[in-house]
Structures are given as structure tokens and as C-alpha cells.
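Each structure below appears as C-alpha cells.
One chain, subunit A, appears in both complexes that follow, with subunit B as partner in the first and subunit C in the second.
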Partner chain A sequence: MLFEVSDLSVEYSSLGEISRAVNGVSLSVASGEVVGIVGESGSGKSTLALALLGLTRRNARITAGSVRLEGTDLVGGGLSEKQLRQFRGRRIGLITQNARSSLNPTIRIGKQIATVYATHTGAKRADARAAAIAALRLVGINDPERRFEAYPHELSGGMAQRAVIAMATVCRPDVVIADEATSRLDVTIQAQILDDLQRAVQEVGSSLVLITQDLGVIANYADRLYVMNAGEVIETAATSLLFAAPGHPASVSLLESQLDLSELQFRLRGLPVDGRELPEGCWLQTRCPFMDEGSGCRTVHPELSDIGGGHEVRCHRTTVVVGRAAELAR
Partner chain B sequence: MTAGPVNGGPEAPVLEVRHLSKQFAIRNSRKLVHACDDVSLELYSGQTLGLIGESGSGKTTVGRCVLRLIDPTSGSVLLDSADITGSSKRELRRLRRQMQIVFQEPAESFNPVLTVGSQIELALKVFSDLPPAGRKRRVADLLDRVGVPAVAAGLLPGALPAGVLQKCSIARALASEPRLLVLDEPTSALAPEAEADVLGLLTELQRDFGLAYLFISHDLSLVRSFCDFVAVMYLGQIVELGPKADVYTSPRHPYTRALLAAVLRPDPRQRLTRSGQGAELKGEIPSPIDLPAGCYLASRCKYVTGKCSAERQELIQIDTSTVVRCWRAGDLPTAPTTGGE
Partner chain C sequence: MALAEPLPSGEEQQSPVTAEREVILGYPTLRSHIMHKVRRETLPKIGLLIVFATIFLAIFGPLLAPYNTTAATNLVNAAPSAAHWFGTDGSGLDIFSRVIAAPRIDVSIALLATALALVVGSAIGLFATFYGGWLGALAIRATDTLQAFPALILAIIVVVLTGHGIGNIIVVIAVLNMPLYARLMRGEVLRIRDRAFVEAARASGLSDLAIAWRQVLPNATAPVVAQMSVTIGWAILATAGLSFLGAGVLPPTPEWGSMISTGSSGIILGQWWPSVFPGLAMALTVFGFAVVADTIQTALGREG
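Let's look at the complex of A and B:
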């Protein structure tokens, strides 16, 4: 497997309290694959996005697990910061939600992209410039020689996001991680940017990890997806399989909330579980319309189990859920 | 221009906007930003009008002009048939009991260092004659009405999740017992589930109090599920306005069609249909400073003809309740049924 995450956990500590944001996440990304990670906000997606690069916010730390790119562990492998920099930006690209905050406002965008390339590859100035222009062209920017000279503020939101994609792909990385890369853009631009991103990663031969809460993005671009809740993977399957028969109450609730329905019947109640006080049993027990004491929802934490065709679900009540939610997938 | 009252009665609209335009001056320049241009609409009690469009289309400017938070350059705003375009500051203070706004970011519409309860109470201090003890009780009632636990009153805004805090800002807007709420992207900062929660609350409040909502959003599926009428804005102009069902199932304006076609539906089967068709619109929105001479969409529209680029487009009445700003609206090919079920 090209990119493999095993049992990854991340904790935040604040005022002496520990909050478990990512809990034993395992996932894999094959070469050339587009994998989606989806979940409501607060489900640990963005913490996971950083951890995939071996990074955490200041008050967090990775407490367990591994993140392996072609076998090399970025987390527990004892790599130095210098060695890690050979991975971040070069072999793993990152695209974040807010394009403008990823760009230096005082430097022309072409130069920023060329610098990334030169830093990682040691290329000469002219070669780096050529690589940057090629990267800009690849993401659908017309007249890249002229845009090379633009400052970030001269670009529209869509163009700025394209420039960030060019920066993330210029080194032809193995994996590109896109964390809510289009969620702040207008609808007419969103699909264009995602099309450009998809084309760019295909062209440079990267795999793509799309992290989002928008199931429309997943449905249209991801080959396979992982659904997260309370920092753990609660369901995973090929995209067409999961949309046809969602098997976890949290997936069903998420899907229902994004369909144009007049009434919601599967909605999870209340707030996401507090990562400081994860209960015994299922972490969704207080919010779940399918909760059933007799099935062990209050006492036994469910494991991910295969319900067929590589479709894995972490729920004691999956059979009931699949049956009742079938109408959503019509 | 919108259809009549819900029950077809003789009631006057709560809000009427007539030929509203707003231009902003640019510092050190003689040029103007044309933020909204000849916008007319009507809104009746108990109705929701969705104002949709991309960023920079002028939706928010319309909302702010309606409340007189900014003054329109021309045109007029009528609240309960009374022209408030020229009302003084003092009169506006009284009028604002009738019309309130809920902003996009709940965290930014509260003062971070004052408790939520004290900020709702402040609205009561301004808009009601209640004594302090009565205000406290009313704060508790308002929070209860929006389904927020009473303990929230004593907390700072930062201690509450965004969805709960947005409900508190709705409670604050309700403090003056308004008839019109301008909802400016009230859920776009929220997670899908919190969003569903807030929308459910708004629906309930409208039913109970007959509120009129001007619902500003860039989210098409949201407007579809939530509004009665839809006005689509592009570069400051309304390009199509009509009952939701008509606009969504048989969009007439090329821009409306493009917007609907662009929505990524949570359905993997859409992939096949999407990859077959080219982009509905070319390029990005032109600058509102140097507006095109003819139709504002001409540079991006695939149905463009010479006449489109030469002549300014006016709104054309298509049927009793729908208007479209496109002279070709009648003879365009049948719209693809995207963004649909």
C-alpha cells in the first residue's frame, strides 16, 4: 500500500484535561486512488489531516499509531525534522480551506511556487520557474506566464485556490491531502476547481485524500470513503456502495442532512460527544435514534466489521440501520 | 413582483423594495462599485424569499439597504407600506423593532467578553419598556423559545457551539418582536446537523409568529428546501424571480440554469451525467466596477448573441409570478433537470 495509517490517535491537552480527538484511525490509500474522509465538524477530520503529515497543533500530540508512506513511518519512525521535510511538501502535498492564508501576500505567486520546487529539488532558478508555470497551467490557469507575476490579492478566490493546488502538486507528490479545499468557494467555481484538482493529481500521478463535510464532493470525486465520528472511523466502503446502503446512524444522519428533505427522521440529537469524557459502549449512544440497550449500545464499544464487499461499519444495529435508511439512497 | 399574500387576501406586503440601487465610491477614484442595481421585490407576512447568488452578487447589500444599515443610492424601501427610505435615525430606532437581522457568524455577532444573556437583555433594554427583573425573565423565555438551555444565559459566547450560539442570536433578534427578519447566510458557518437544527427552529418561529424572512444565501439546495420564493442575483441585478418550484424545476435564465447545474449532489450516480456536459458558464464574474454594456452575463453565457452584448437587459414578466432578465428566455432549449430530486 502506498500510504497507510494504522491505529493513529491524537490528544489535545488543555487546562490539565485530555481530549481525545482522533482515536485509533486506520486507513489506506492506494497509488492513484481518490479517497474521501467525511464527517460532521468536530469529528476530528482536520486534526487527522495534519496528523497525516505527522503534524499537530501546539497543544496536541500524536499518542499512538503510524503513518507510513511506502513503508517509512512519519510518526513513530524516529525521523528528524530535516528528514520529515523531505516528505512534507515534496512527497505529501497539503491544500487547506483558506487559500489566501496559504499564500504569502507580499510575494508573487509564481515565485512562491518556484521556491517550493527549488527548495525540495535543488532545481536551478530557470528550471524552477518552468516547473511553476507548468504547474499553474496544469490546474487550469490561462496564460500562466502572466499569472506567475501576480500577487495573491490580484487573484479571485478560485484563482488563489488554483495557485495553492499548483503549489501542492508542483513537486509531483505521491499523495495530496485536500482539507475542505473548495468549501468556501461559490458553487459555480467549486466543481471547476475540483475538476482541475482531479486532473492535476492524475497528471502528476498522485493519490488524493479529500477531507470534507460535503457528501456532494465525495459522491462526485472519491473512489472510496471513510466516515468519521468522535475521532474514529465509523464506516468505510467504496463510494457507490456506501451511498447505496449507508450502514451507520452517523452516516445516515449526515446524508439525510444534505438531501433536500422536508423532514429529517434519522437526525442525531444534541452535540458531538465530548472527547474528554468518552463513554463506555458506543460513543453515539446518547444521540442515536437506533440506540438499543439490548444490543449492547451502552456497554460494548462496537468494532468495525465487514458487512460485505469491503463495506465496514462500527455499529451493533447495522442491519436495522441499512434496512430503514434504504429509502434515503433511492 | 412576488405573488400575493399566502392566502390571497388583501393584506399589504411587510416589505416592498422598489428599484433599489446602491453604488459605493472607491477612494482616490471616480469609479463606482455597482453593488446592487434596480432591485425590486415584495415580501408578505409568513413568507420566505430567498436571495441567492455568488459572492459579490449584491445579496448582502440588498439586505443591509432594507434595514437601512446602509443608505441606498436610489430607489425605495417600504415597511408595512410606509416608505422608510428617508426616515431619520430616531425614526429608524423605532422602525427596527419591526425588522431585525441575523448574521452569518454567530461568534462575530456577539461581544466575546459579555455573557450571552446580558447581550439579549441589551436588546430588550433598547426595544422594550420592561423593568430589569422582567427583562431577565424575558431573556429566559426567549432562550426557551429557541430551544437553548437557560444556563447559556450566564455563559460567554465562546463557551457555546456555533449552532447554539446562532440560536441565541435569533433569540436576540426576536427580543423586539419583529415582523421581518433578514437572515444573512444564517447557517453557512454551521455544520450540516447544526444547520438542520437552526432551520427547523426558523420554520417553527415563522409558523408561530408569521414572520417574513428575507433569506440571503449562496446555497441553492438550502434555499430550495427553505424558501417560498427565490430571487437569483447576478452582478447586483435580479436575473430571475419566481415561486421556488418554478425557478428550480424550469429555470428560465441561463445564469439560474448554470447555478443549478453546478451543484454537486450527494449521489455518485450524478458523476456520469456531469462528466458528459461541458461547463454551463465560462470564466468568472466580471468586475462590478466596469460593468458590461449589454447583458451582464454576456461574456460567460453559452446562448449569447450580438444583441445580448449590445443591449441592457430588463426584467421580462414571463407569467403572473415569474420575471426573468433575458430577452431570449422564451426560446432557449429546455433546461436540463439538474440540481433536482
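Let's look at the complex of A and C:
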């Protein structure tokens, strides 16, 4: 497997309290594959995205697990900071959410992209410029020579997002991670950007990890999906399989929210689970419409188990959920 | 049937309205902001004029002086006249020549001291904050401690102990102003270091040094630039103050502070001109720099 994450955990600590944001996440991405990671906001997606590069925010740390790119572990592999930097941007590209604030407001976008290229390849100025212009062209920016000179505030949201994609792909990485790459754009632009992203990624031969809270966005692009909740993977399957027969209440809830129904019957109640006080048993027990004490929802934390065809679900009540979800589909 | 239909892909929904239209937001640069103020208001114009005149005199003043600035004429304590516009002092030196020659000393000291304070102070603030750790904390605390002393008194003590000399004065004024720049820069770094573009730079494999230098620094310069103008004005006052007290530049080198000092003994005899003209020149210069500082600061959205 090209990119393999196993048992990855990240904790935030603030004012002496520990919050578990990512809990034992395992996932794999094959060469050329497009993998989606879906989850409601607050489910640890952005923390995971950073951790996939061996990075955390200031008050967080990776407590366990490994992130292997072609066998090299970026987390527990004892790589120096300098060695790690040769992976970031060079072999794994990250597209962060909210493009405009991901670009330095004081530097022309072309130069920002060229700097990433020059940092990793040691290219001369003119070569770095050419690479940056090629990267801008690849993501569908017209007249890239002129856009090269633009400052971030001179670009529209969609243009800025494309520039960020160009920055993440300029070194032709093995894996591109797109964290909510389109969530702040309107729907038509979203689709254009995702098409441009997909084309750019295919062109440079990268795998793609699409992280989003919007299942509708991801459906056309991802080969396989991982659904996250409370910082853990609660369901994974091929995209078509998961759409056809979701097995976890949280997945059903996400799918249902796409349907534009007047009444949501599978909606998870209340706020995301607080990572500081994860309960015994299932972490969704207080929010879940399928919660059943007799099934052990309050006492036993469910494991991810295969329900057929590589479709794995972390729920005590999967059979009931699948049945009810099928009703909904009719 | 599937629970949810995947959305149709992008190609079918391309609408002419949303075709990439460049949105230029009202996001004027600091420079255009300042230029706008200068064009529209009178005071910034005057301030800029004074600053440019002072710099001009710092370069050409001694060449323009009608009399030798350090060689006495036969006239002692002469009142202002057509020959000696500002009169002559107790040693028979032409005051006008000395007043316009003085910026070379005063402004050079002020500019060099400010530059030194800015570079070293900002560097301390930038790296101590960005890298953090105990060494960084120590550096910041040390600059804080320095700020606890009354600046001018500290300057006098140091200059008296280390001896006169322009180099000493520059270093002392610079050291006294470094904490300000360190603090300003620290505030900016704290504001910027967790911004999304810094995270993005980290994710694209840039080194800490490259991030501090290329990502953080360019976004942190504005308040530092505004402070610069304030420091220059303060440094001119401090240089003159030190010289006035005999701890700075010594006569007969033309310098405003020492001129005021030598002239002060004659004031009770009605000989006001040896002190008043250098005093006015200095006040005007400091005023000019203060106005410029104020203009930059209001352009930054930080009043006064």
C-alpha cells in the first residue's frame, strides 16, 4: 500500500485537560486512488489531516500510531525534522481549508508556489517560476503568467483555492490531502474546483485524500470512504456500497442530511461528543436514535467489524440500522 | 435505490454567471493609505516636508552654511542681523550656520540608533517568540527589565561611565529602544504564528527559519515602521538632551543640545538668540517626525 495510517491518535491539552481529537484511526490509500474522509464538524478531520504529515497544532501531540508512506513512518520512525520536511509538500501535499487565509497576504501567489518548489528541488529562480506557472495552468487558471504576479487579495475565492491546489501539487507529490478544499465556495464553483483538483492529481499521478463534511461533494470523486465521528473511523466501505447500505447511525445521519427532507428521523441529537470526556461504551450513546442498553451501547465500546465486502462498521446495532436505512431509501 | 444520489458532476452545471470573475476587494495597501492621507490632509504634508528638509540638511547642511561652523568671527554675542541671520554666540560663532549644520550630527545619530534598535530589537522579538523556549523567554524578560529604567537617566549614566563619543551615544540610544521593538515584534509574531498560512507553509515543508523570515516577518513590519518615526524623534531629543547636560556631543561641534546649553547662560542678559534658534529647529524637527509617525499609525488603524 502506498500510504498507510495505523492506529493514529492525537490529543490536545489545554489548561491541564486532555482532549482526544483523533482516536486510533487506521486507513490506507492505494496508488492513484481517491479516498474520502467524511464526518460532521468537530469529528477530528482537520487534526487528522495535519497528523497525516506528522504535524500538530501548538497544543496538540500525536500520542500513538504510524503514518507510512511507502514504508517510511513519519510519526514513530525517528525521522529528524529535516527529513520530515522532505516529505511535507514534496511527497505529501496538503490543501488546507479556507484558501485565502492559507496564502500569505504579503507575497505574490506565484512566488509562494515557486518557493515551495525551490525549497524541495533546489531549483533556480527561473525554473521554479516555470514550475509554478505550469502548476497554476494545470489547476485551470487562465493566463497563469499574469496570475503569478497577483496577491491573494486580488483573487476570487475559487482562484485562491486553485492557487492553493497548485501549491500542494507543484512538487508532484505521491499523495494530496484536501481538507475541506471547497467548503467555503458556492456549489457550482465547488464542482469546478473538484474537477480541476481531480484532473491535476491525475496529471501528476498522485493519490487523493478528500476530507469533507459534505457527502454529496465527495460521492462523485472518492473510490472509498471513511466516515469519522468523535475522532475515530466508524464506518468504511467502497463509496457505492456505503451510499447504498449505510451501516452506522452517524453515516445514515450524514446521508439523510443530503436528502433535503422536511423531517430528519436519523439525526444525531445535540453537539459532537466532547473529546475530554469520552464515555464508556459507544461514544455516540447520548446522541444516537438507535441506542439500546441491551445491546451494550452503554457499556462496551464497539469494534470496527466487517459486515461483508470490505464494509466495516463500528456499531452494536448495525443490522437494525441497515434495515431502517433501507426503509428510508424507499 | 441508493439512499442518496451522488450530485451531478461539475461539467453540467457550469453557469455563465459564476465563471471566474476576478473580485478586487477594497483592500488598499498601507502605502496607498498613507499617500491618501498625505494628499488629503495638510498636517501630514507639513510633517513630511519637515522630515525631508531635515534629511536634506543632514546631507548638505554643512556645505550650505554661510560661515565656518567652528571658527569664530569678530562679532561676539551679536543680535540677529542681515549678516548673521540668527546672530552670533558668546564665542563669536555664526548661529545660523551652526543650526543648519547640526542635523548632520543629530539626525545621523538618531537614524543610526533607530536602525540599530529596530534591527536588533525586532530580531530578538521575532526569534525569541517564534522559537520560544527558555532562551526566548529570557531574552524577552531581559528587554522588559531594561524598560523598567527611566530611559534618559540611564542614558546619562551609561554615557558618563563609558565616555563621550558618538558611537557610545548611538549604542546607548539604540539599546534603550530595543525593548520596544522586541515587544512590538513579539505581539505581531504571537498574532501571526498560528495563522492558516503559517500552518500551510509548515505543511509544504518550509523550515522554521524560512517561515519566520518569509511568512511571519513580512506580515509583522507595519507597526514596527510606525514606531521607527517615533524613535527617530525621541533619539533627536535624547541626543540633544545628553549634549545639553554635557554628556553627549561636545562643543564646538555644531549640535542643537549643546548650543542651547552654551547659550543658556546669556538668556538673563537678554541674549535669547543663541538658545532659541537651535531650540526651535529641534522642536520643529521632532514635531515633523511625530506627525509622520502619527500619519503612519492612523493609516494602520491604530490611533495615536
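Following the convention adopted for this analysis, the second predicted complex is superposed on the first by the 326 of 330 C-alpha atoms of A that agree within 3 Å, B and C clash if a C-alpha of one lies under 4 Å from a C-alpha of the other, contacts with A are read in each partner's own complex, and residues count from 1 in each chain.
Here is the rule we use: contacts are C-beta pairs under 8 Å (C-beta built on N, C-alpha and C of every residue); 3 or more make two chains touch, one makes a residue touch a chain.
Keep in mind it's a predicted model, so treat the numbers as computed, not measured.
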- Task: Could you tell me if A:93 is touching subunit B, subunit C, both of them or neither one (first, second, both, neither)?
- Result: second
- Pick one for A:68: touches subunit B only (first), subunit C only (second), both, or neither. neither
- Message: I'd like to know which partner A:224 touches here: subunit B for first, subunit C for second, both or neither.
- Response: neither
- Pick one for A:253: touches subunit B only (first), subunit C only (second), both, or neither. first
- Look at A:103 in the shared chain and tell me whether it touches subunit B only, subunit C only, both, or neither; answer first, second, both or neither. second
- For A:268, is the partner it touches subunit B (first), subunit C (second), both, or none of the two (neither)? first
- First (subunit B), second (subunit C), both or neither touched by A:45: neither
- Applying the touch criterion given at the start, work out whether A:317 contacts subunit B, subunit C, both or neither, answering first, second, both or neither. neither
- Message: For A:116 in the superposed arrangement: first (subunit B), second (subunit C), both or neither?
- Response: second
- Query: Of subunit B and subunit C, which one contacts the greater number of residues in subunit A?
  - Reply: C
- Query: Which parts of subunit A are touched by subunit B and by subunit C alike?
  - Reply: 156-159, 186-192, 194, 215-217, 219-220, 240, 243, 255, 258-259
- Contacts from subunit B onto subunit A in the complex sit at residues 54-55, 161, 164, 191-193, 195-196, 200, 218-221, 224-225, 258-259, 262-271, 274, 279-281, 284, 341
- Query: Which of the residues in subunit A end up touching subunit C in this complex?
  - Reply: 50, 53, 55, 57-58, 82, 85-90, 93-94, 96-98, 101-107, 115-116, 119-120, 142, 153-159, 164, 167-168, 186-192, 194-195, 215-217, 219-220, 240, 243-246, 252, 255-256, 258-259, 325, 328-330
- Residues of subunit A defined as touching subunit B within the complex: 40-42, 156-159, 186-192, 194, 213-220, 239-240, 243, 253-255, 257-262, 264, 267-268, 271
- Query: Which residues of subunit C touch subunit A in their complex?
  - Reply: 1-4, 6-11, 13-15, 18, 20-25, 27, 194-197, 199-207, 210, 214-215, 218-219
